[in-house]
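Contents: one structure, followed by commentary.
Going by the order they are written in, the chains are A, B, C, D, E and F; count residues from 1 in each one.
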Amino acid sequence: MVQSVVPEIIKESVVNLIQKGERADGRALDQYREISLETGVIKKAEGSARVKIGKTQIVVGAKPQIGEPFPDTPNVGVLITNSELLPMAAPNFEAGPPNETSVELARVTDRCIREGEVIDLEKLVIIPGKKVWMIFLDLHIVDYDGNLMDAAALGSLAALMNTKIPSTTIEGDEVVIDYEKMVPIPIKEQPLMCTLAKIGGELVADPSLEEDDVLDARISIGLRVDGSVCAMQKGGSVPLTREEVLKAIKIAQEKTKELRKSIPKA
Amino acid sequence: MIIILTSKLIKNSNKGSLVTSGTKKRPDGRAFDEMRHLKIEAGVLERADGSSYVEIGDNKVLAAVYGPRELYVRRLLKPNMAILRCRYNMAPFSVEDRKRPGPDRRSIEISKITAEALNPAVFLEKFPRSTIDVFIEVLQAEGGTRCAGITAASVALADAGIPMRDMVAACAAGKSEGQVVMDLSEWEDKEGEADLPIAMMPRTGDITLLQMDGHLTSDEFEKALDLAIKGCQIISEEQKNAIKNRYGD
Amino acid sequence: MVQSVVPEIIKESVVNLIQKGERADGRALDQYREISLETGVIKKAEGSARVKIGKTQIVVGAKPQIGEPFPDTPNVGVLITNSELLPMAAPNFEAGPPNETSVELARVTDRCIREGEVIDLEKLVIIPGKKVWMIFLDLHIVDYDGNLMDAAALGSLAALMNTKIPSTTIEGDEVVIDYEKMVPIPIKEQPLMCTLAKIGGELVADPSLEEDDVLDARISIGLRVDGSVCAMQKGGSVPLTREEVLKAIKIAQEKTKELRKSIPKA
Amino acid sequence: MIIILTSKLIKNSNKGSLVTSGTKKRPDGRAFDEMRHLKIEAGVLERADGSSYVEIGDNKVLAAVYGPRELYVRRLLKPNMAILRCRYNMAPFSVEDRKRPGPDRRSIEISKITAEALNPAVFLEKFPRSTIDVFIEVLQAEGGTRCAGITAASVALADAGIPMRDMVAACAAGKSEGQVVMDLSEWEDKEGEADLPIAMMPRTGDITLLQMDGHLTSDEFEKALDLAIKGCQIISEEQKNAIKNRYGD
Amino acid sequence: MIIILTSKLIKNSNKGSLVTSGTKKRPDGRAFDEMRHLKIEAGVLERADGSSYVEIGDNKVLAAVYGPRELYVRRLLKPNMAILRCRYNMAPFSVEDRKRPGPDRRSIEISKITAEALNPAVFLEKFPRSTIDVFIEVLQAEGGTRCAGITAASVALADAGIPMRDMVAACAAGKSEGQVVMDLSEWEDKEGEADLPIAMMPRTGDITLLQMDGHLTSDEFEKALDLAIKGCQIISEEQKNAIKNRYGD
Amino acid sequence: MVQSVVPEIIKESVVNLIQKGERADGRALDQYREISLETGVIKKAEGSARVKIGKTQIVVGAKPQIGEPFPDTPNVGVLITNSELLPMAAPNFEAGPPNETSVELARVTDRCIREGEVIDLEKLVIIPGKKVWMIFLDLHIVDYDGNLMDAAALGSLAALMNTKIPSTTIEGDEVVIDYEKMVPIPIKEQPLMCTLAKIGGELVADPSLEEDDVLDARISIGLRVDGSVCAMQKGGSVPLTREEVLKAIKIAQEKTKELRKSIPKA
């Protein structure tokens, strides 16, 4: 579990500050921490990015591989998203198979990328029903300082926009792969995710580690460029009201516009 | 050698084969705000402390509750409250193509969010240093099993006599063939444009589970959210009836 | 382990009753509890059954799938039997990979079905040595109230008798599967299993949960319609004598005749 | 491309190639109530508290015993007696086609019924809160490894000085080519009509393991049971000799 | 259908494509006793108690240290000293063909020998009943990751303030194209005749890791060992600089 | 972990003896215990050996199997080395997946065999890039009395020298395997391993169990017939000096000459 045990007294001081409209690190309630984004950081990966939101740091690598399409979707390529909450990233992360937090992170990121239609998967078909490109997207979380969801979505988008695959031609029965002609994978959309935490009855953007530990509820919202919703996930053990959900979408629509500035031009 | 499935596709799209052009009816004949056939029973198993059986459309789901009870792995216990654990599982024969037994990434995620959906309703602080275990078995899946599972789990918790603020009800809405609709069928879920499953405590309107994937404008989202809320209210009545049928008023 | 710890005093009272020829639930020593059997309960499965013996409840699903035969038996289809003692079924069952009780149940049921020749496996061959029907038989134990073996064998037989597979034809190099022409799988025999518990020196049929917990030994006997033996498994940590074994077979031959009445006509 | 195994079948059926028509002899020349070559040694390993080596036909089996000893997983211990645990394992090279290392469903079942077969013979109540661990390694398999393993385990228990009511002996009978026979070979097991492995305490005749699969009438069953019992008695003598050879009378 | 990789081989052997005939230069232009580009930083992560980042050639490695801290599995603790545990892991995207996540036999061995390589340097006896956890993540691999990982881990241990006799430095030597050389590149490692990675405490010259595979005469081995020792000394200076850059002298 | 906890007093007595040039079992510092080696002990395996060094006992089996070559080495056969430290072999060995000691043993043995070029892997190719012989070498450690490395290398070499594979011919599109014409696998070299323990500042050959438990460091050296080095692995948590390493090689070169006498003629 990511959530660690926090003394009640810390929780109180975080809540009190937020109810006064302030935050421990001096940010406004709807303000993100500093974001940094580099792409192409791993030469051995066909696409990569290193993203930092505050001190949270994720290295994302994308590797294409030729494989068979799923039987029920013979005419689209395959995207496989995987995440590892490395034991290096926090004192309470453990080595071993992905735990539920890690699985949720990978699946929500995957939904944001997939339903947000980042990749034109139909263009990844080499031979319909038989050979397609599979893109393995691996999220390597190396430092955990809160708000993994937004960092994962941003890093994944950047890594995919950075990804190149070799061009292929079909000669007779054979697929010929030319590693000297690398072409970018077809990018259709650029969805991003914005996470808001409900603390002391308020919604605050980009929860820090301290806020993550004391929050009542979390809502992560994936949005396309036009502000339409492509993914959503509530977390935490306190409910949200209908109005809080709708308010969260409005805030997220504003904040993703800002976040979008960190994306390098394709 | 290639295997051709002559009419597997036709077989699979049965739910979609009734498309009625020109009307607002859905492939299976329902109105946009109409729920599938619904059946809820409490107390269906002998050994469990509480249990229930739910059918929504062709979904068939069993839920069982054990606890509050002590756990031998002591370091997982909390000194001031119970922990509620949930295991959502699909029977290998519950889906078109046999599912390999054991947890996969989908069931791990659903187990987690189901626990979070039920948590706010249970007075966990009444049972320090103990666990409440919720087991959900999907015997047949036809779109919307996570909502059916949460709905069943709440009834099983009530059947186990565990004190709750409210029985959590769950229902999805979404968008299919351009229309915002309540309670997506399997066909609508697969072929549709968006899916929005929620869980709530109907008495206060508090939302305890919220997920979405697909493509909705803000307006469509609001409309879908309201349809899902309406669905939860319908389900909530049936949950109460199930408890009444078992224990009287 | 299925066996739970039972206070000595309960054991004594169960034994005393049985030595007087009585049982806690009022049954005669050789009497089964109420049996109920429904088939076709899972539409998504090509064959299914729900069986109850007393409150013990198992849902059985059969799913055919085309696959390759085992290399050493190229001319017969494949049967794979699997069982899950779900944590829902009893307070001491745990989630996780099948434990030894679950493995034993699946394997003994499989032997009863296989050696009892329920399915004519040779008729499940599509292309000899290359393509056969594999039948996956999954036992989902949802409520545990004693005597899983007999319920598993009865439910498995009923589910298989309920199973239909699509007809196949071979056109040139291709196998054509027609899901609109479903045909029953070929049933040859109808073996059943009868379990007797040795308690206080007596043999009692269909042990209840309470009896299962205190029994000295258990013997499960699989019998064909003609009373010949097709499977047998001793359990428990107390021995049986030669005479007890032979007596058990006689009782089982009588009781399976009764059990057979619950089977729906094919 | 297909791989043709020219004479693999012939190679495999060597044991069956000696079929002598018109006589009662079995493929390997034995009479119906004749056991294969048998060899039992006690005390073959250095580290184990007790050990033994058994050859029956071409089966080669090692057994080792550790205990009674304390176990660190305390919740598995019993306050009034020892628990006897058993692990039956086949070496990857013990069979025709290499076996993947690690337990499979077959070895899990055999481990369970082996522990149950040995349990009644050991005075477990003398060692509360402790475990006795039995490890069986099949180095070469040729039909009847579970019986060979139980036979070896009993000798290893005796070699470890663990007090027992009797040394459990195990032997199978079955039906092959229409005849009820003792101690099936691999070929008779695979091609035969029925297999009935048992274990017993020869002094009292108490049966501690009993399994059957195949097809036997009641009469054939009784005949096979008696042959298996006779086999256990033969093996029992060899077990006693092995202990005598190691420790003297 | 066969997939032809037109120029994958060419792509992979880029490091080898610069072979300069007639000179002593290596494929990538280095002299036999020349190390690849080297960069070491301390204190690069927020959460870890100590951390570092190392680049050697195109290798990119992160190391993090947590501890000394208590462990909940008490039976693993030692009453008179800390235990140092190590996990070496490669990112799935760190190599040419994606590596499946999770430990494999190679990473299990490297984790073990890395712990043994660091052990002698740490004053473990100062922290009884506790653990020191070292995590090494290979973000990009280009030959020599185990040495880069040990080098990084030492700096992370120093950054965590854990008292040490010396900072362990690691470097390989080997033989490629008939020549004994320092710090093998990926191409030299794969195509070369021998690889000899070592780790040492440069102050005393004590060797804490030593592995070899390939083919070396005794004389070549001695030459390679001395080159590897020289490499460790070069790396040691950079390690000290990294700590100085972070904390001053 | 193989290393068990040893009372300080035992360690002292072992060290004191060795510093006087003596050993508890009366051996000289550079003397091996008795070695026994039998081959062909497992008829079901195409190659096998049972090796004992002192009471340490390993049964090694080699089984060939036709498979596909690794994509990056299409023109060589495959060797896969696996070891199991059976729970039967020592009180502190546990059942379960190979632990780090077992993995290290298999990998070091594999390197000695592979880099020592025991098998001419190129001759194991049946159809280049498509079908090759894979040799599975399984080390079954049944009794653990110290110095597994040397026993594993010796037993593996002997088992491989004992291994026969059926001859194959290619007829049209098919590989025809003839199990009646078994031929030895092609052996090129005969490397062996010699392990020295550093105890009390001295290097001793073939550490016994007691010595294994108290040693400061261990060095295992794989040597070809001509004395050239093909594998090396340091173990233990105490360093070695440069001079100790070079001295160890010299000792190992002498000792492997002796060890070589146990190998049966090919």
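Here is the rule we go by: contacts are C-beta pairs under 8 Å (C-beta built on N, C-alpha and C of every residue); 3 or more make two chains touch, one makes a residue touch a chain.
The shown structure was predicted, so the numbers you read here are calculated from the model rather than taken from an experiment.
If you take chain B and chain E together, the chains in touch with both are A.
Each chain's centre was taken as the mean of its CA atoms, and the one lying most distant from chain B is F.
Taking each chain's centre as the mean of its CA atoms, D is the chain most distant from chain A.
Centre-to-centre separation between chain B and chain F, using Cα means, comes to 57 Å. Inter-chain spacing, taken between the CA centroids of chain A and chain E, is 31 Å. Averaging Cα coordinates per chain places chain A and chain F 48 Å apart.
Among the residues of chain F, none is in touch with two or more other chains. The residues of chain E never reach two or more other chains; the list is empty.
Taken chain by chain, the contacts form a single closed ring in which each chain touches exactly two others. Each chain touches its neighbours in a single ring, whose members, counted from chain A through chain B onward, are A, B, C, D, F, E. Of all residues in chain A, only 42-45, 48, 55, 57, 59, 61-63, 65-66, 82, 84, 86-91, 95, 97, 130-131, 136, 138, 140, 142-145, 173-180 touch chain E in the complex they form.
Taken together, the chain E residues at the contact with chain F in this complex read 105-106, 108-109, 111-113, 116, 119-120, 194, 196, 200-201, 204-218, 221-222, 225-226, 229. The part of chain B that touches chain C in the complex is made up of residues 1-8, 10-11, 45-48, 51, 58, 60, 62-64, 66, 69, 87, 89, 91-98, 101-102, 133, 135, 137, 139-142. In the complex of the two chains, the chain A residues touching chain B come out as 98, 100-101, 103-104, 106-107, 111, 114-115, 117, 219, 224, 227-242, 245-246, 249-250, 253.
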